[in-house]
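Shared between the two complexes below is chain A, which pairs with chain B and chain C, respectively.
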Partner chain A sequence: MSELPFDPLLLAILSPLAVALVIALGLPQRASVALACVGFGLPALLGLHTWYHFPSGLGAVAASGVGGAGGYAFQSFYDTGLSRFGIMLSLGLNGISMPLFAMAGVVGLAAGLYAIQSGAERLKTYLALLLVMQAGLMGVFASVDVFFFYFFHELALIPTFIMVGIWGGRDRHYAAMKLTIYLTLGAMLSLVGLIAIYVKSGAQTFDLIALRNALALQPLGESVQSYAFGLLMFGFGILVSLWPLHTWAPLGYGAAPSSAAMLHAGVLKKFGLYGLIQIALPLLPLGAAKWVGLLALLAAVGNVLVIGFVTMAQRDLKQMIGYSSVMHMGYAFLGIACLSTVGAGGVVLLMVAHGLSVALMFLLATSVHQRTQTFDMAEMGGLAQRAPVLAAFFVAATMAGIGLPGFANFWGELSIFVALWSFSKLFTVIAVAGIIISAIYGLRAVARVFFGSPSAQFTARVGGQPLADLGWAERLPALLLLGALLAVGFWPKSISEPVNDALQSTVSVAVSES
Partner chain B sequence: MTPVQNALLVLLVPLVSAALIALFLRRRGGLATTVSVTAAGALAALSLLLIFGGDAARFTTSVEWLRLGDFSLSLGFLFDDLAALMLFVVSFVGFFIHLFSVGYMHEDKARARYFGGLSIFMFSMLGIVLADNLFMIFIFWELVGFSSYLLINHYHEKQSAADASKKAFIANRVGDFGFLLGIILCYATYGTTNLVELRALGEAGALSATCASAIPLLLFCGALGKSAQMPLHVWLPDAMEGPTPVSALIHAATMVAAGIYMLCRVEVLMVAEALNVILWVGTITALYAALCAVVQRDIKKVLAYSTLSQIGYMVAAFGLGSTLVSPDGAPELVIAAGVGAAMFHLTTHAFFKALLFLGAGSVIHGCHHEQDMPKMGGLAKKMPVTYATFTLGVFAIIGMPGLAGFFSKDAILLLAYQNNGAVFGTLALSAVLTAFYMIRMWRIVFFGEARSEVARGAHESGLAMTVPLLVLGLLAVVGGYGNIYGRLAGDLAYLIPHSEEAHTTILVTSIAVMLLGGGLAWLLYRRPDSRDDAIALKSPALFRSLVGLQGVFDSAYGYYVAKVQQRFAMMLNFLEKVFLAGVIVRGTASLVGLVGLGARALQTGSLHAYVYWFLLGVVLLWAIVSGVF
Partner chain C sequence: MSFELLHAAADSNRWAAILPEVSLGCLALLLLVLEMVLPRAAHRAIPVVAIAGQTVLLALLLASFCCASGACGIGAYLGTETFNGLLLHTRDGQFMRVFFLLTSLLVSVLGVVSLGRRQLPRVEFFSIVLVIGGALMLLAQSNHFVMLFVALETVTVGFYILVSYFRTSALSLEAGLKYLITGALSSGLLLFGIVLLYGVSGNPLLIGSTDNGMHFGELRGFLAANPDNFLASLGIVLVLSGVCFKIGAFPFQIWVPDVYQGAPTPVTAYLAVGSKAAGFAILLILVHTAFAPYAGLVIPVLTVLAALTLVFGNLAALTQHNVKRLIGLSGVSHAGFLLLGVVASLHSTAAIGAVQFYLGGYLLASFAVFGVMTLLARADGADADAIQELDDYAGLAKTQPFLALVLVIGLGSLAGIPPLVGFMGKLFIFISAFQAELYGLLAVAVLGVVVSIYYYFGWVRAALFGEPDGASKTASADRAAAPVAAKAAALVAAEPASQPAPSWSIEFEEDTPLQNKGGSAAGVCVCTPVKWALGLLAAAVVFFGFYQGALGDWLLSR
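Coming up: the complex of A and B.
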């Protein structure tokens, strides 16, 4: 067979990288922009392609016996010269990673389109860095090999730091430093945990399927599982802003340029949750059982309750979105703590939904900023009279964020609440109380920015200047995200089926065996 | 077309209308109006096929919509007599309110948004009506809250409208907090939230869990929010900031009745203790809101408090089903009578309250958006159709014999009389007050001299507005008769309580309270003053205490929000910023700086420094991990 096999996963990773490289080599601006559209568009299309062509019933095959493809589709292997360490570039998607892979494509395209119209200084460098980040994001979810899973995360992380440092807003240097220290620390801790699994399993491989098969036959000892899970929980926890290790998030997002914030908060942050569900829960069920009590406590009291109230106190729109995202991560941790298919499945649904909705929020917040020249909500007001379309999008995004049915987030939250009841009634009450808290800060922000009459400061700053409503360049990426939120919101089975299928064969099997 | 397809069409037609308007017709108010009204008309016609389709058109069906592990959530229809009755109320009253809106909102620049909102509301409300399980009810329940938020906020440039919409949504969310917990508890306890399966479990006697009274009480929280019962009633008077037809549709006829409908849906889960709580919440709300209504100046606020009070009657009626005593003297749980009376009053109330709100809308429209009643007066001659139909509405609500409200209110009073003396007394007192504030309003608005320029220049509204008034006026007259209501309600009509021996007592009582309250108001407001209320002149202390009573809840919640909740949030924010971000983080930062020896290089944001540092760390850690373990 001489023809080159079509590998959508490799293509989705390499195309943004290649485009970034070409742009960095000194392509003229206009050609760079056109090419960047391809670099962002291709992963999105390929993401949708994998979603559309994803075979059903993979999990059942995987559950029926050890070995085989382990519930993965679109598999391919590339030797990287590290195979004697058990490292292979092994790509594939199972029911858990496929929805996230597709979501990463969509959010990446929206962030890319928004960056192109942003008119940022040194646009070419900005786009090139975003493209590298996008390649890393696609790689994270496409990797079956734990080493590359980690490698791609770093590939996406490094551009984030640089973008915050160069294109960031207020306090960008401090924010970049803090972001770097925190996220590196989190990544380090989780790396130690991953290496511990590698070493202790004795399987001499980083391949997740092989590791899973090996550990299914001979599970790790309880104490090894316990410290490995602890390392992963706190390492990934920092990356996902587990309270009280979250303080980098609002600061970092407050300073980050919009497209970087969209990609990081929307997609890259999900790396930690994804790692917990895809790696930690199936490989370390005994360790998980020991730690989930603490995890749930921190998430319920810290992320949901404390941060929920802190979010209410924010005046800065971007900081408020940052905090609200920390709060929603609390739901995700709670879902993981349930150690059940419903809980973990709810988390995957929520990850997809939150990725789309928080990216949309950051996008719209920046569009608001362009019109008000401030993020201080006390200095806005009445914007809906002058920008009704922007207001409509913002209301929709807020409603998605606070879990209104019809948007994707609802299904994730609901499943987590249902799962949580059998884990802890008290935490369920706290988590469900979150729907009141998020309604309060969400609607308050909408009202302060868009409704009523304009504040004195707003009138003084913007005054009689003409103020354009959301143009098509901004509307297109926003529509993309909103459309995806509604699509999953109306038809949750589009992703819940593969998720359920995959979880049935990994998490629930692992947990029930423990 | 099968009944299932028919029901699906009923549900989807308004959704399609809303989507069309949102996507394409934002700037084309006229076309948006046509689309929305046509959709409302089409679904009313389609629903007729279902309602009068007989037993062949009573069905249940469902489709699994989400499955994770052993948790399965379905969307489906349960179309029984209860749903048919509610469908009639929603689709018919809804259609006439759409029609009325064509006239009322004619000059509004944001008509398209308004009609889009009405369509999305119809979709959400019909979802509740047709739903066959509690999760599905919850989904549409939340959507109803959202559409109400949109429509209250129609005049969003007004701060009061923005605040009112926010308040409505949050108050509803507080109720939904309990509602959702109740649903989850029900699912966890009985393994299903499907209404048919729950009924089957109930008939098999399998619904006796330890948390049996927690489930209905938590579910009732949802009704507290949506049906604006105490203590979550505060949003409804403020919701009058929305356009008047919205008040008629959402905040009088349909959405606020959804709480009652939901209670009737989950009737099988009820236990005596829960019903007792429900009974008293309804009774107290009925009295409290009637007291508040007495001192209102704003024509819509009177109707808002009146709605609270009437919904209180329905809640009380539902709760009264609990304590019926069986012939042999042992207490027996017979909720059916409560359901029959509550749904009967819900239906007649939807007719006459929608009529009253639309009549008020016609008055407001005629007076160039004046809502202050003392500035009106003498409108009977200037607006004859509005006057005539409004009068029918007033007589219906105060229980004039022969009109719809008379029959349904008597059914509730009878139930109270048979079961609970204290409740009977309170409800009778509320009925006196109802007659009082309605006749007061009627007298101030329509009789005497015109007391302002706008009232002198008032004019009758156009056909689009008067035709709905006439139709609803007709329904407010005939809606209570057995051969009309019986055809609409099917078997539910047999559940309405009857009693031969108590019949005269109830009849005499209800006529007496009507004459007492109405007569008093008629005398007191013979010469209304444009500045001061007659009660304020006669007895300032009474007036002040009634006004104070009305403000109690708002002051308490205002205090809580500003002084407790916000301060708590600020305090946590301070701790977050100072303690977490300052002390711990800087401490960690310096620690990491020491360990990693590259902290300064990092500050430069240099890629090289970071990569070297990162690789060094990886190698070190790898060595440590493989060596130590």
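Coming up: the complex of A and C.
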């Protein structure tokens, strides 16, 4: 671990917040944009820094004995006046949170850059809100304290509501309201679940390491574990769009402005999965064992099969991406349901990969919309001839989404399938069938949008005008995301090793002991 | 009673202990004297005197509060009874004192804005606000039913006047009448309960009977010795009912929507924050001292009330379009959350801190919202203050971005969204409730939060996403800006001429349409500082959401 003269995690949280504050106080437009680049860039750099300098073998140290840093690096503590109640701004990264922290930084930078070139109305407010969201996202994955983990999630959620409502597309007011109510319900359920752990553990602390140590010595009773896990599963499940509580997601993403959709679908939604892996599985193994059957059933039949077919039926490009992200969450739930290191590790990899790829898809979909003035795929066609670079990016993003080798998604899905095989053969078959479904809708979208001859409506709408290809302002964020996808795809060890290491000391210990 | 007895009773009088309350009373009288002494031109300074006086008092109180552990200041009286047992100075009482002083200060600030736009007597308003503030502070330290009742009546009588203060508005007068009737009913219930308790505890045939049954400590002793007395139970339920009127708990909330709507907006704020908090201050005192032996009765009663209040408040607020009614009914749901905390505090006293923290956050957020409401309220008609609709907020973010920001922060905190202070309050209440194993109530409360998102964010949605249409006030103000400005200029020019006319007489040009986004000539210079004050409140809401510091630690540790 290299020594920085400051706390990288705190800086990654505070710098976007500070920039947002300065912009809100009335900075001129050009200075705001320049400063926003810093606000988005710094967390990304710090994320990559922690990824590059993450020490190996932390998990072994943590597993060897109770106490110590508990497998965390870059730790720091700040008192906010509630240390008496075991609430403390405690920052740190372990093998599970580090890849997500880095991914949040990269996606945030891409979303920020894309927002800057979007020329949105009231750009300064838009950027300030995105920055607040970015601060929350960095905080979610950097928090060791469960309370602040929740707190930062909500901090990131409020700007989503406002951005959907102001800069959103069709049905934005309805979508904003529905999104907020659903997500509040999910957040409240999970909050009660977290409070249950806080109170019932007897440790009177929200510190994850202390909780884990306390529960290792004296696990919770089976009934408490069961209802706490149920609360967390459905609470987090709503946030991750577990079928049938997913209806907010496609609607919300369809209406959200592109950068907000990138950050929400790419990063914020991973909060629930991350909470299940980092908190629920290690702390409540008995409860998990009771619920995973239902979780796997809902995920396999609901998210993968039903939503897979729904996705195939979409005509609207953005809705299709929204539904496809709901479908991919099914794989993540299946991986969690396996209750194994391989499965959970696959989920973490998939979270990183999906975060990058879905953000790329939303970005490209908006770029397509700018050129065709529509999201309706029936009214497009032949775009590849006029915008070859855009087409190339879109094909690559689709391949990543399907899970082709070479992209990060492949490794995540592969590990999940391997783990799933020993959990249930039936669900494995369904999950693999899902890959075929996603190939069908993904390739069909590519064909409809980019190949073939332009539809009559498309020709009528933009026929005569020259159509610009992807400019550098759009290429840069897209390249960033695609590069990260390929980097993880070709070098998965950089993520899988710390993940595996951390899971060995948390999930597998807890599951095997129960 | 002989002179010696009186003398002995007066032995425990410690006037220094209630110096803040006495000072408030003196300040109220001073305002009236100033009105007689000062020339009319200087009358504008009287509200400033009131605000400055309260600010100084607040600073002094906080200073003495900070060295409460030492022998200096009010801290010396902590834990002691004074005035022959009428008052008991406790830590909770100190907190509520600061709370009520801050409330009356903020109401005075809002009062300057609201009255600045109308031709109404001003000085009396501030006097009454001060008197109510002093009475509220005494109420929070009462240790005797006589003290409690007299202080509560002082508060209520003050509110009778304030609620119908806009005497040209039919809605304000109607609200005053409704408040008078329901207030009298609640006082009657309370008094009947007190009398029952006094009577039954003075019955010499019962064990532990006392001739001082009004004193909370003595009453507690009696109730502990007679655990299943029917008359005592009835008295307790009646007293609780009387208190629940002040809180606005279901089914005693019937007066809330109409009175909140009709009352001048600063008074609505006073009712929503001061009166409600007063109810909770007494409730906490009563259930933890006098009624503690009857927890077996109090807990189920309050549990049922809390559940009904949560359900009713949230569902009723869903359908409201008038923002004053909306905030009134949402205040009912807040009463439900607070009642949940009170019930939890009967299982573990740590929850008292949670209730106080919630109240503190509620104060900050409520005044942020009420401040915006006061600044935006129209004055172009007798009932204009009562008719503030959600549609009037359409496009606020475009016309008044600063006020929109303050409003969103305030409403977000009331809805309990992190990272605002309202969320921390709800979190502590929920943790306490979970520790007390009140799972059913907790489930109702969680659903209540989700429902409340709908109406709070409906308001936010109107303010942020709506387009300012022609019917909205901001647009109409813009349209009418030219004539209004011209008229204002004419009035300023004609100032010397208009001076001799009594500025408060109703005959004198009723409801001059002077406001343009800020109010009258006086309002113009008032608005900016008020906006700053609101900004400060919003900043406090955010700050205490992030960082609770020593204050949170002090409140929540016991």
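General observations
Just so it is clear, the second predicted complex is superposed on the first by the 509 of 514 C-alpha atoms of A that agree within 3 Å, B and C clash if a C-alpha of one lies under 4 Å from a C-alpha of the other, contacts with A are read in each partner's own complex, and residues count from 1 in each chain.
Rule of thumb we're sticking to: a contact is a pair of C-beta atoms (placed from the backbone, for glycine too) under 8 Å apart; a residue touches a chain by one contact, two chains touch by 3 or more.
For clarity, every value in this text was computed on a predicted model and none was experimentally measured.
Of the two partners chain B and chain C, more chain A residues are in touch with B.
Using the contact criterion defined above for the overlaid structures, shared-chain residue A:I158 touches chain B and also reaches chain C. Once the two complexes are laid over each other on the shared chain, residue contacts for A:L251 go to chain B alone; chain C is not touched.
Contact with both chain B and chain C is seen for A:M188 once the two complexes are overlaid on the shared chain. Shared-chain residue A:A196: touches chain B and chain C both.
By the touch criterion defined above, A:G471 lies against neither chain B nor chain C after alignment on the C-alpha atoms of chain A.
Touch criterion met: A:A176 reaches chain B and chain C at once. In the superposition on chain A, contact is made by A:A313 with chain B only, not with chain C.
In the superposed model, A:F85 makes contact with chain C only, not with chain B.
Of the two partner chains, chain B is the only one that A:G406 touches; chain C does not reach it.
In the superposition on chain A, the residues of chain A contacted by chain B and by chain C overlap at 154, 158, 161-162, 165-166, 173, 176-177, 180-181, 184-185, 188, 191-192, 195-196, 199.
The touching residues of chain A, when paired with chain C in their complex, are 80-82, 84-85, 147, 150-151, 154-155, 158, 161-162, 165-166, 172-173, 176-177, 180-181, 184-185, 188-189, 191-192, 195-196, 198-199.
If you check the complex, the residues on chain B that touch chain A are 22, 26, 65-71, 73, 135, 138-140, 142-143, 146, 149, 153, 156-159, 161-163, 166, 169-170, 173-174, 176-177, 180-181, 184-185, 187-188, 565-566, 568-570, 572-573, 576, 580-581, 584-585, 588-589, 592-593, 596, 599, 602-603, 605, 607, 610-611, 614, 617-618, 621-622, 625-626, 629.
Those residues of chain C lying in contact with chain A across their complex are 412, 417-419, 423, 427, 430-431, 434-435, 442, 446, 449-450, 453-454, 457-458, 461, 464-465, 546-553, 556-557. The touching residues of chain A, when paired with chain B in their complex, are 154, 158, 161-162, 165-166, 173, 176-178, 180-181, 184-185, 188, 191-192, 195-196, 199-200, 244, 247, 251, 306-307, 309-310, 312-314, 340-342, 345-346, 382, 384-385, 388-389, 392, 399, 404-406, 410-411, 414-415, 417-419, 421-422, 428-429, 432-433, 435-436, 439-440, 443-444, 447, 450-453, 492-493, 496-497, 499-500, 503-504, 508.
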